[in-house]
Amino acid sequence: MTALRSGGAAAGRSGARRLISDVVLLVVAVVWLGPYAWMTITSLKTLPEITRAPAYPLPQAIQLGAYREVLQAVPVMRYFANTVLMATAIALLQIALALPAGYALAKLRFVGRNAAFVLVLSCLLIPAQVTFVPVFTMLGAAGLVNTFAALILPFGVSALGTFLVRQALLSVPDEIIEAARMDGAGELRIIYLILGPMLRPTLSALFLFSFVFHYNDYFWPLVMTTDDQVRTLPLAIALLREQGTGVRWHLVMAGNVLLSLPVLLVFAAAQRQLLRAVTARV
Amino acid sequence: MSGRARGAARSGASAACSRRDALRALAASIAAAASGATGCARRAPDGRIEASLWFAYGGKNREVLLSLIDQFHREQDRYRIDAVYQGDYFEALAKLRTALAARAAPALTHVVGEVVPYLAEAGVLEPLDRFLGAPGAGHADLDVVEALGQAGTFVGGGERPLVCLPFNRSTPIAYYNRDVFRELGLSPPSTWDELRAAAARLVVRDGVGTRRWGFECPIDWWFWAALVGQAGGELLGPDGAPAFGGEAGVRALRFWQTLVHEDRTMKPPPGRDYNAWQVTNTDFLSGRVAMIWTSTAFLRYLEENAGQAGAGKFEVGAAPLPRDVRSSVPTGGTMFVMPRGAAPAAQEAAFAFLRWMMQPSQANAWATRTGYMPVSRRGLEELTRSGYYAAHPNDRVAVDQLAHAAPWPWSPDLFRVQREAVQPRLEEAVLAQRDAAETLSEAVRVARER
Amino acid sequence: MKPRHPSSPYLLLLPTAAFLAVFFLVPLLLAARNSFYAWDLLTPPRYVGLRNYEVLAGSGELMGTLLRTLGYSAVVVTLSGSLGLALAVALDRPGPVYAFVRGAVFSAYVVSWVAVALLWMWILDADGVFSAALRGLGLPTMSWLGDPRSALLALAAVSVWKITGYAMVIFLAGLQDIPRALHEAAALDGAGPWRRFRHVTWPLLRPSAAFVATTSLILSFQAFDVIRVMTQGGPVRSTTLFVYAIYEHVFVNLRVGRASAMIVIFFGFLLLLTVLQLWALRAGAPREGRRPS
């Protein structure tokens, strides 16, 4: 967890202050870690245990029955594969499109450059929730609803991505590009093969951020898919909360663990890159 | 707006339509070209003709449906039904509508009864007559219980082309905690007044709180419709315009308000739609309420879970809903429909499955394992003959109650009116305590505006 | 730099422009057109002029939805912002324990809204662990998500839990940019911790604060998942916020035209917020041209 580095001074603290900060630490940890713990604990219980004493802190015995049942009821692996495929494709597409656009905006002088930059930024602050009805009918008319195309294409351009790439390119010296041009490299070659590798930290940050965001997305797949072939994991987990009869919370929480664990692992492994994108630091 | 402008606007609209139609035609041809599209009949690897069935159950009902589908696959080798879960009724309906708009609807699905007129009038349902063989033969071969089929579910439903077949049909019934009733010497109430009195006897207060409520019922359109019928009202006027029972509608709403706010014997379950239904069930099972109204659908679930060993174990009783000026219950649950646009082969498979499901043994298996009502007439006779109802008096209640089933008006607006005009206002009137008459006249106003 | 060919910048921007046009501009125009029709997706649209807007404004629906959305946003933005700032200041210390707790707080931002919503539904359930804890302390409890008075606040609280980590991280980044020497100088001058915060830290964190405020404002305006999963807009519309209202019009009430009118209005508000954000970014301008940290 080195990325959330800290520069604060630790010098000369009195015992009382130390106590206060320990208490704060504890409260914060409970508030933010408690729910995860509760999720995991519930997923290890059985239904009768939960109905009898919903708030009892510990499971009688560690039961993996809930996980078995979820894996049986829902093709979790397929949904997971769908989700990863979709999120990866979106992230790659965004990078592929952000590089030339960012390059033009950062490095080339042309009429309307500022206007284009502002347009990209402002246009893309429009959320999917504003455009989904017409996009849905358009995709429907093109026969693309319920396909990966419908899940991926609408997110091909990312404002954040274009912005980050542009910012990163601003600090790349022009000489590098000039030298490459001298060697006869074309613009696309310069963009993808010379600048691309140089921007690796930024691009991996962008990739991770976009991946996590779309892995988690619920709204768009909800509207655009009806079919097991393309359905994504968050949808399937939300559907576990079956209504009418009592919710089988142990199943829902087991599904929740299955849904969250991959993202938390990615986060633990690559916190630094992720934060770079979140804080827009390049 | 001037007449000319209006004319121009109209022609603009029609131009937009024809453009959209052209796009659709284009889309349809693209979809036809791409062999993987949903609209096309798929052949399973084993050579069977496949049809997809979108369904909206979780839990126990899902298990029973899937096991029936397995049985269907074992009993014949021509067709395969590919069942896909689409969330609860409302979510599944949203999916169905978007899929219809995108020309990607399944060959078979099921929808709540109230939405059938809308879909039928929009022309998106396949008339089922043409699968039935000889024209004019009617629906005889399916032999469904009249009150649960299209003919009995909708006013004038029998005269229209057949577009739906009953699947999981239900009525609301009252469930009571037999142990508590026995202890207090109460019998299930048969009138509104008796209900009020029984609820008052059943309630157990605990300081300012309530340890046990007398009555609980989701603040939902379905139960309100039951109350309106019992109070002698009709939901739509003779001209098909929303009336919401007029005075009877107000009385129905006031009845709830009295129980909740004046007597404080009824718990209005929190949450919306099926969240509230679920709370009602769990409150009943945990002994926090002694009497509830909910669907027959939960009969098995409630019986099984109330009977489980544990501190709260009790015996579940079922009773018909009480009367006011008359006995009346709406029917509920869903109908099978075949959306337009599936490939003929898929439709053939879908209808084969439908027909199979309507047979007495399947219909009865579904009913007795879930608590929904048997939809096959011969099946129902068989159950009666074999002494099933003598052994399961709770199951009998809903069947007997069918004598008082009130058909829904055949109105394409029925569903919209329910979701948009009535449902949120019922919650408002009961939970936020708004005047009943004012709330309903507002609902009528909203419902009439198109 | 001078482009190699005068048209090359435009060609390089073309793919981006094409995607923008197809997935943002055209849909927006289509929505604007649809807002003059009554349409249910299935039967042919009917031209109704400004009727959709009139009904939205006249019935009080627009005002109600807008006020609820603004109320929710106000609570979420202020609480997550101030909590994030407090946590950033409190947790800005070296050591693995602090790093771990910072990671824990931020992790909520990374996990999906669906998971968070389902989890908190269970925690806030009438029989759930939160109510049990309150009862254990002898405090009254209620159906947090089922009561129209508390449902929106409960959703706001869950959202605060989810995005506080985001605010914290931005503030932490801001804190790291404050030269240690400034603090030391102020300490030498005899300034206590509060005065040091007030006069040294806060002024330098202002750009971060503006950034946090505008981004989380836009984020909170778009709230959908949490409502869809936890309350479906109820009870009694108390949690029907803007985006959910649009969704409900399309998929439940079968009114695409009315939904489109709401979309047009919603877009107007977003535009306003966007202008606000661009302005704040420029005012803050904290990142331009800095080296990687």
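Letters A, B and C mark the chains as written, and numbering starts fresh at 1 in each.
The criterion applied here is as follows: a contact is a pair of C-beta atoms (placed from the backbone, for glycine too) under 8 Å apart; a residue touches a chain by one contact, two chains touch by 3 or more.
Fair warning: this is a prediction, and the values are worked out from it, not measured in the lab.
Trainee: State which chains count as neighbours of chain B and simultaneously of chain C.
Mentor: Chains that touch both chain B and chain C, as defined above, are A.
Trainee: Among the chains, which one keeps its Cα centre farthest from the Cα centre of chain C?
Mentor: Farthest from chain C by mean C-alpha position: B.
Trainee: Quick one: report the Å distance separating chain B from chain C, using the average Cα coordinate of each chain.
Mentor: Roughly 37 Å separates the two chain centres.
Trainee: How many angstrom lie between the centres of chain A and chain B, each centre taken as the mean Cα position?
Mentor: 38
Trainee: When the centre of a chain is set as the mean of its C-alpha atoms, what distance in Å lies between chain A and chain C?
Mentor: 16
Trainee: Which chain B residues touch at least two other chains?
Mentor: Where chain B meets two or more other chains at a single residue, that happens at 98, 101, 273, 275, 282, 286.
Trainee: Where in chain A do residues touch at least two different other chains?
Mentor: Residues 137.
Trainee: Provide the list of chain C residues touching at least two other chains, using ranges where the numbers run on.
Mentor: 41, 127
Trainee: Under the stated contact criterion, what part of chain B meets chain C in this complex?
Mentor: The touching residues are 1, 9-10, 12-13, 16-17, 90, 94, 97-98, 100-101, 118-119, 122-124, 269-273, 275-276, 279, 282, 286, 415-416, 419-420, 424, 427-428, 431-432, 446, 449-450.
Trainee: Taking the complex as given, what residues does chain C use to touch chain B?
Mentor: 33, 36-38, 40-47, 49, 55, 59, 126-127, 143, 145-148, 231-237, 251-255
Trainee: Which residues of chain A touch chain B in their complex?
Mentor: 48, 51-52, 136-137, 139-143, 145-146, 223, 226-228, 239, 242-248
Trainee: Using the touch definition from the top, list the residues of chain C that touch chain A in their complex.
Mentor: So the residues of chain C touching chain A come out as 1-4, 6, 8-10, 12-13, 15-16, 19-20, 22-28, 30-31, 34, 41, 87, 90-115, 118-123, 125, 127-129, 131-133, 161, 165-166, 169-170, 172-173, 175-176, 180, 183-184, 218, 222, 224-225, 228-229, 243, 246-247, 250, 256, 259-260, 263, 266-267, 270-271, 273-274, 277-278, 287-293.
Trainee: Sort out for me which residues of chain A touch chain C in the complex.
Mentor: Chain A reaches chain C through residues 1-2, 4-10, 21, 24-25, 28-29, 31-33, 35, 38-39, 42, 54-55, 97-98, 100-101, 103-105, 107-110, 113, 116, 118-127, 129-131, 133-135, 137-138, 153-154, 156-157, 162, 167, 170-171, 174, 177-178, 181, 187, 191, 201, 212, 215-219, 222, 234, 237-238, 241, 249, 252-253, 255-256, 259-260, 263-264, 266-268, 271, 274-275, 278-282.
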